[in-house]
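Each chain gets a letter, A, B and C, in the order it is written, and its residues are counted from 1.
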């Protein structure tokens, strides 16, 4: 982060100066200004994080006092068929949606990154699905997935194919959900687009001189130059995929049917916390999800040097 | 969505209820231990503004609820003011529990089995004293035996019953007339139903345009359990705090196989995906189904049907037909902010309001006179009386255990879904349900 | 119009332009199909929605929208949503720009460490903090009020603080110094100099916050009990099982389009702020 360096440098010069009353006053005000953010971090991030960790070792239904049960919630998790199923469903979902979204985002961004007629319209059109909220997205897709009169089966019907129950057939439900997820690739696309605009044109010119065609240019210039953007999209994509709630909730009336094949972790967490009021157990689930996110993110970070193109930074 | 075979019986309808009087000793705001007086003279415990919660049952039923609240307000003008809030069923229980957790319980709410867990946690008010002061305790006027399942501690009522529900075989008269077939009656066996269903099914090309039969509420555990009852068994040893499940009885798997075959082997009833399509076309009320075993709470939605319809007792399964029943009514939190008002309202609905309830035709009153009144029968189909005749000896179709919601959601519903989708054999379904339910008990 | 160029700045040939436009048009059509299908369904009669093969030519039933508005108290949901969205937008703008001023322009020990922690919270899945946060809001009696949805917005949000800070860092020191000489305090400098200067960021943050809050489902779902308090997204989620609207595809579609319209409109009006906002994030990471 180039900007952080600037800030760090000015902070360093500040330290060298003798601490005058003015500097002390400035520091005081600095804390005042930072106060909302600091309080926010303490009250809504760090505090609840610790609380939920402690809570995960208790049994608590919110009606009676919490009861310390040690690691029981975690051992129970390991043997809870619904949790294991939910975990498997969530990982499958993420494995499809995260790369799917990134691939679509990249390809469309490259196509859009040109001075073409009506380019503004196209950008908006591809981004539009992302501004529609999860509930409306679910409703919209339910119309398409309707087994009898939905668009998909109507089209298949033209070819004499009896389409499946997209959301009611266990073999299809999760894929239908994932397909919906990929539809929201607009956010990733926009970030790629911003990244593309930062690639120096000279690099492409150099590649052309070397005789690279359109496709090879992207392989040798675009993709390496976007590796940091890809990294950002990947991490955010993983975090996002582990938090999908509205779509399965609305499409299955909160059940995760058929046969729990759409029971994404947040949905299971919701049921445990708010239907069964097992707050301690829910906290344990949340921590396991968090741990998985951390491990995945750490893996991505560790793999960084392997694929992220590091530019000589500007300072 | 109505397309779910697991829609709770309550999805379509809900409410009824009883009424109750304050049990003074239970109230947090009163240390008085005097016996609970009649509602009009009782010391008011809690607020006089009452908010009643029920789940939404559709415009017609919700409207009637609102009207009854207005009538109550008129009758108790200057004393109590009630209003009613509706919640969607799939959020209803969460909200009730979360309000308890926030120490702001609802003033009163409409009963379903989930409320039993609230009793187990000591959250519900004992309403026996209130009931005792009203005619709801009069055995000559009310079928008191049917209330027993709500005496959770074997002695006291924790809910105030106001209406009663059962199941019947609903049929479309127009379809029978067109095919020249005689209407079903109490002598009909399932064999006869299956045979007739074949004759009533109509196709246009490959597409079935009229189904002779739909599994209806046999698609829900308590529906399919009525078959097990007829065969002489049940899913568990007793409805209140069962000690064991007995789904491993081969007769249970046999009942499962029976319903599965209706859809798959025999295909006289639509399969799940076909049911979804049917429901889109309005289901039985839309005139695409000739016969469907279902709960009496469906009656309201059939009232506006284009075709004539009627009802008959459930068909005989293995020579027998056992009638289920359910109570509708109200429970009141111990810590209700309007205890007296809540009890008064519930008792009022169970007593004075019963005639109007009969005339509204949405709920079937608990009061014998109202249930058998001309107002009730008028506007009901001819078969109503016969179909309800056995109600006083019916069996309760509920399961009362603190984990019941989990057992139903996590074990019964998904396994039956697999069964109906032909993804699981009846034997496996019964075995898995037995195992899963026992583990959660 | 500027000459068509590709990513590398190379001029595109006529054929290449045509190919790209065709691909993009087809893609646009595919991406918008779900929405278009819903719009189409919302204008049919009940009977037309059930026809197979689908009817493509029909008289649009604009009345469907009026009917939906009659069946459910949409105005009420809209009012609730407006209260929540306004609260969150105001809270976010005030707290984020305020804190960002500290992070960007003032020096104090630990400032950068704090900023680092703040940025790290962006990676924290909300599921981890959900349970304790809910319990606390529940126990302090905020259930069934808008407070749990609005109050946290007054305590900043990492991403938006970051955006404001980036912007403030680019403002020359002289602007501030002139004001200091006039005797202005830090708060006044922030309020009367920095805030007015940051209109582009304010616009971006407003649009993002608006759409995010408008679409939020989980928060309203768990905190709001009574229908009279529902926001549009919670209401829309309940229509599927609603005996009034649910089983009727045309009503459900119309309700969906009514619910989706505000965020679509805001987005269309403020497209450029989206691109700006994302650029800030994208360039930095």
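The rule we apply is simple: a residue touches a chain if its C-beta (ideal position, glycine included) is under 8 Å from a C-beta of that chain, and two chains touch if they have at least 3 such contacts.
These figures come from a predicted structure and were not determined experimentally.
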What are the two chains with the most C-beta pairs touching?
A-C
Going by C-alpha centroids, which chain is farthest from chain A? Tell me that one.
B
Distance between the centres, which are taken as Cα means, of chain B and chain A, whole angstrom:
43
Roughly how many whole angstrom separate the Cα centroids of chain A and chain C?
16
On chain B, where are the residues touching two or more other chains?
1, 90, 98, 101, 280
Multi-chain touching residues of chain A, meaning two or more other chains, are 62, 146, 148-149, 253, 274
What are the residues of chain C that contact at least two other chains?
50, 138, 221-222, 240-241, 249
Show which residues of chain B lie in contact with chain C when the two form their complex.
1-2, 11-12, 56-59, 85-91, 95, 98-99, 101-104, 279-282
Could you please specify the touching residues of chain C with respect to chain A in the complex?
1-10, 12, 17, 20-21, 23-24, 27-28, 31-35, 37-38, 41, 49-54, 95, 98-99, 101-104, 106-109, 111-112, 114-115, 117-118, 121, 123-135, 138, 152, 154-157, 161, 165-166, 169, 186, 190, 211, 214-218, 221-222, 233-234, 236-237, 239-241, 249, 252-253, 255-256, 259-260, 263-264, 266-268, 271, 274-275, 278-279, 281-285
With touch defined as at the start, can you tell me which chain B residues reach chain A in the complex?
1, 4, 90, 93-94, 97-98, 100-101, 121, 123, 272-273, 276-277, 280, 405-406, 409-410, 413-414, 417-418, 421, 423
Chain B-touching residues of chain C, taken from the complex the two chains share
50, 138-139, 141, 143-144, 221-222, 225-228, 238, 240-244, 246-247, 249
Could you please specify the touching residues of chain A with respect to chain C in the complex?
1-4, 6-8, 10-11, 14, 23, 26-41, 43-49, 51-52, 55, 62, 108, 110-117, 120, 122-129, 131-136, 139-144, 146, 148-149, 151, 154, 157-158, 183, 187, 190-199, 201, 203-205, 207-208, 214, 217-218, 221-222, 228-229, 231-232, 235, 239, 242-243, 245-246, 249-250, 253, 265-266, 269-270, 273-274, 279, 282-283, 285-287, 289-290, 293, 297
